[in-house]
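Paired with chain B in one complex and with chain C in the other, chain A is shared by the two complexes that follow.
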Partner chain A sequence: MTATAAGLTPRRRVARSTLRYRWWVAVLAIALVALMLLYVMLGPVLFTPDLVFKALVGQPEEPLHRLAVREVRLPRVLMAALAGAMLSSSGAFLQSVLRNPLAAPATVGITQGAVLGAVGALVLTFGSEGALNDLNALVPVAAIAGGLAAGGLVYGLSYRRAGADPLRLILTGVVVAAGLSAATSFLVLLSGSHADSIIRWLVGSLSTRTWDHLVFLLPVAALAVPLVAAAIPVGNALQLGDATASNLGLRTELARAGVFATAVVLAAGSVSVAGGIAFLGMMGPHLARTLVGSDLRRLVVGSALVGAIILVAADLLARTFSLDWIPLLNVETESGSRVPVGAFTALVGAPFFIYLMRRPLRAQA
Partner chain B sequence: MSDVEPTIDHPSILVDRVSAGYRGHEVARHLSLSIERGSRTALVGPNGSGKSTILKTLARLIKPLSGSVYLNGQDIGRLPTREVARQLAILPQVHEVPPELTVLELVSQGRFPHVGALKMLRRQDDEAVQEAIRLTGLEHLMHRSVDTLSGGEHQRAWMALALAQKTDLLLLDEPTTFLDVAHQLDLLGLVSGLNRDHGVTVVIVLHDLNHAARFADRMIAVLEGEVVADGPPTEVLTPGLLRECFGVEAWVTKDPETGAPVCIPHTTISAGNDEGEGGVGRGHGRPGSSSGHPRP
Partner chain C sequence: MIVLSCVSAGVVLGSLAWGTPTLSVGKVIDALFGAAGVEDSHRFIVRELRLPRVIGGALAGAMLGASGAVMQDTLRNPLAGPELIGVSAGASLAVATIVAFRIPLPRIALPIAALVAGLITGTLILALVSLKRNPMHMLLAGAALTALINALVIAVITLAPNFGGVSIIYRFLVGSLSDVQWDEIRLASPWAIALVLVVLLAGRPLNVLKLGDEVAEGLGVGVRRTRALLFAASVLLVAPVIAIAGPIGFIALVAPHIVRRLLRTSDARVVIPVAAVTGAVLVLAADTAARLALHPHEVAVGLWTALLGAPTLLVLLQRSMFRKRPSI
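== the complex of A and B ==
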């Protein structure tokens, strides 16, 4: 009201928080591309960047290079980036809309539902030809169906009269997740000798992923794009509490169901190619929030980048590290002494989870 | 007020025989009142009297158990919620805010009902947002996280969110609760200014009766969900009402500057025993028989 001369000067300066956001997006994007290049370079055969480039554009010095780069490493690294980004941004939506820092696809049962779907499809098709060669189209489809069903179940069970209260959603999710894990364990016991390929789904693994798997994932990712675009502004209003969201003109129950469904699609898609990667869905958005803040317009982008980076880095480790390196450990596994990538994210994720819980809880006035 | 056929000049809010509350717990019964455009109304009453519930019902945050609320002549229950959000803003008592959300990001959300979801994907620092931030004196805190602000700044940030909605009707639920006296006066001054300069209709729930009397042109006293007094502050803020509604003996005098009534409560009236809802005797307590505070 009392406008001073200083108050009237136009502010066309770009805000510090915006500069900070752009800076972090640039840093994360460059880090991701560099990491992906490193991923393609490293392996049993080492490639220099120019060899990678030649192989990519189709003028390899040896045909083998073309195969290693274009058919093995490139699809796998793209999948790692996409699956990591989807899982992590799913967590960003869940944490916002459930207004709980511990919310994640794996804490509300979506991951477990998708894993149960994948494992169920594997077990069902064991007898048939080619069931285990990982080109079994039924597996990702069943994983997505399982994730969607689990999400629907959790939402339905939490629904009382007025709607699904965020806290009840999380508690129901924890219970459903436990139940679904138990069902999966039961299937693993039934499967007997094939436990090794099943465990890769439980822990999360990207080994032997090819372009065919990416083709399964693309329609899901395409479906997710409009959902994400709508869920970002809606989730932004919803994370201010139901009263405020309603005051801003949202039908809160419909809004919550929509954002939740978006998170379910993202997580189910991710699990359908990468399995039940541990902790990434919770860790990614937390790290991103400290960099770019809680506005979902920024948080979703940040979470996707952080998630992609973590999974690509973890899978690079998983691809490189061999159990044979540890003396006294004579392992002979079907997957060639490789540790599934999910084991690495869990290794980092568990201490992170403890750190998160020991931090003083923020006061919500 | 039984006929609610819309007329040409509608009141800002018309409450028609509304019973408000939650399932199994009726807070207010058959309440009818009308809030005129451009007025400043204060809802007062003891704890648990139902004033917040009534306010939330006016803002369609709670569905009435029966009866209807009309916003500018239209049934609020039938209006699309986004349309309601363009016409009224409510500042709730309790706020939830995620960590690491800046003041600007919070206040920008006020544009949601006007621009719609898809345009909210773009940056919203248009005039309404800037004005809301300026009116609440938050320019220097624009890029700070809301959860790092002091209680008073926090409340002003939420106030700015409601202002950014640019509605003609503002409902405020005890907005001064966490503020020190200077910030209380600042906030009431801000709301008065909006009312005076922009014709914004204000309904405010206040605990401080003297603030209410000074700020409002109409006071509605609520007890157990019923309106026990309704009128200009000079008619409402009387020793009789304070006794009946709040269970206190008080002296009432006049603000030397504005002429508004000022009350000085000095003794509570015991209800005999402490049983029963509300705990206050409705007018038949024994003055002077109570606790703690000796008569000066």
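== the complex of A and C ==
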């Protein structure tokens, strides 16, 4: 009670961790803004920061600059930041409430369920003229429903009297996710001429996102805010263990379901504009936890920032990557790549997953 | 055995007959053997379009079934299968890279590249997950590795100079028999020798391995070497399938389980050949369904097998999670 190992009183320790938290939030926020600026600068046409600024305030040197900055790159980067933040904070909730380091929207099937819902809504609502309307209000609703159903299924299948065993939960999630992805692929194949544009929902892509999509996402984000505010204290209590949480007056199963639903809404919102981006929802919270600790009040903010940074960086890479970077390959390519951003997050995320999977095992041994 | 051969004959005839146009069994047989009075179009449809696809499907299914049987016993893991531990995906990445970038290699090189890449991925997964651990860890690591490699496959295909659209993505991600013609059969059929060898030779050492490492050593079997050889053999069986059809999933996982259940034996000498036949039947049935179900759309056969296989895997998972030591 008197002094900790570091020789500090508890009060000073709290003060120090608060300082550390504020410091990291500031650093991450600055990094995010800098990265977003870089995102807007780079591309087929390079802009210097002052050109970007002029285009932003509406006094571009050329009309084209205004178009490139304000109508193409700016909405896309904002979308990347928002989708990344939502997905990553969703992972933070899931990891705390399931007390499972491998939990993430994509590993418990939520992402794939949401993708199935979103794609199903798209395929069902082809306009009479056959146009693909991806701003359909049904899409986020169906995504949330799909995410809830899939998450509930996985949780139910892996639940036993002693609670859901972490490994079992993830395994069931992986298998359910595989089945759901196959079902989505069916729908994609059925969609005929739209297949090319729908398939990016499977891997996650931000190409051709505009202001309309951003506005479209706002209702979901607005719905998520009160949910997140309510879920943070509940999730914090659940983190202490079911016994403690119920001593604190929580009905644990109900509380867990509520936090779970919050995570689904966040992930489904992200899916309904960006598709099923893999592994981000797992990486974000882990990196954030090492920086700001596991108190959900801080972890959610940290995860959102880290997730936004990762997705903006990955999409910058996806947007600009070209085979010319690999000197050995002499292939002519067009400028600008079509590689979906989800491919890049998976390249980083999958090794991270394997690392996480091995780590607790080593601790046991 | 009798039931199985009747079923397989039925499936073969069915997949030759159904389609547009649907032919009667008599007409199919006439067209096959070139009897007089067969319309040229029918002969072409049966001999040039459907027959190679049926042979390719049967070959692919047989190799997958045998590969799964060998792999599950070798790794002593009922949840093993080339598609679950990343081997299929790795092999598919190699083939996709060669095809998408038009790397000037002879066609013979496709299955060899698939083999090399499959062996590399297999070694990687074995290095990541120790055999003595919970069999589910391998499944998890395999899922992560597959996700990683599939991301690479998508990157490779979308970066390729002329993006072939959705169908080529499915060809390399889930597997499809729609490209199989006589050329592909010629490419893959020499590898069937491997299938015969495995069926003849692998049963005994597998049965010995199943007795446990110590007993096997006592019987004079080099456990590590045998296991490595058998694992390589199971990858070898998958490589040509990937080269001609892509990573068709869940056949290798499911076929041996069906056989063990139906015949109530786990004797590898029996399981391997019967699993091969079962795999062939499963792939042919799935491919016929893929051609017909959503006509005129053709669904990649790998999607059907994944849709049917994922629930099966869930059942297996539920079952094995309650056993302390999953037995094979």
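Here, the second predicted complex is superposed on the first by the 268 of 365 C-alpha atoms of A that agree within 3 Å, B and C clash if a C-alpha of one lies under 4 Å from a C-alpha of the other, contacts with A are read in each partner's own complex, and residues count from 1 in each chain.
In the analysis below, a residue touches a chain if its C-beta (ideal position, glycine included) is under 8 Å from a C-beta of that chain, and two chains touch if they have at least 3 such contacts.
All values reported here derive from a predicted model rather than from experimental measurement.
In the superposition on chain A, A:Ile354 contacts chain C only, with no contact to chain B.
When the shared chain is aligned, chain B comes close enough to touch A:Ala243, but chain C does not. In the superposition on chain A, A:Ser17 makes contact with chain B only, while chain C stays out of contact range. In the superposition on chain A, contact of A:Arg66 is made with neither chain B nor chain C. By the document's definition of touching, of the two partners only chain C reaches A:Ile199; chain B does not. When chain B and chain C are set side by side, the one touching more residues of chain A is C.
Considering their complex, residues 1, 3, 7, 15-17, 96, 99, 161, 229-230, 232-234, 236-237, 239-241, 243-244, 246-251, 289-290, 293-295, 297, 362-365 of chain A touch chain B.
Those residues of chain A lying in contact with chain C across their complex are 102, 157, 165, 167-168, 170-172, 174-176, 178-179, 181-183, 185-186, 188-190, 192, 195-196, 199, 203, 278-279, 321, 323, 329, 331-333, 337-340, 342-344, 346-347, 349-351, 353-354, 357-358, 361.
By the touch rule above, chain C contacts chain A in their complex via residues 101, 128, 133-134, 136-137, 139-141, 143-145, 147-148, 150-152, 154-155, 158-161, 163, 165-166, 169-170, 174, 294, 297-300, 303, 306-307, 310-311, 313-314, 317-318, 321. Looking at the complex, you find that chain B touches chain A at residues 23, 56, 59-61, 80-86, 89-90, 92, 94-102, 104-106, 109-110, 112-113, 117-118, 120-121, 134-135, 139, 142-143, 145, 147, 151, 154, 161-162, 165, 178, 190, 193, 197.
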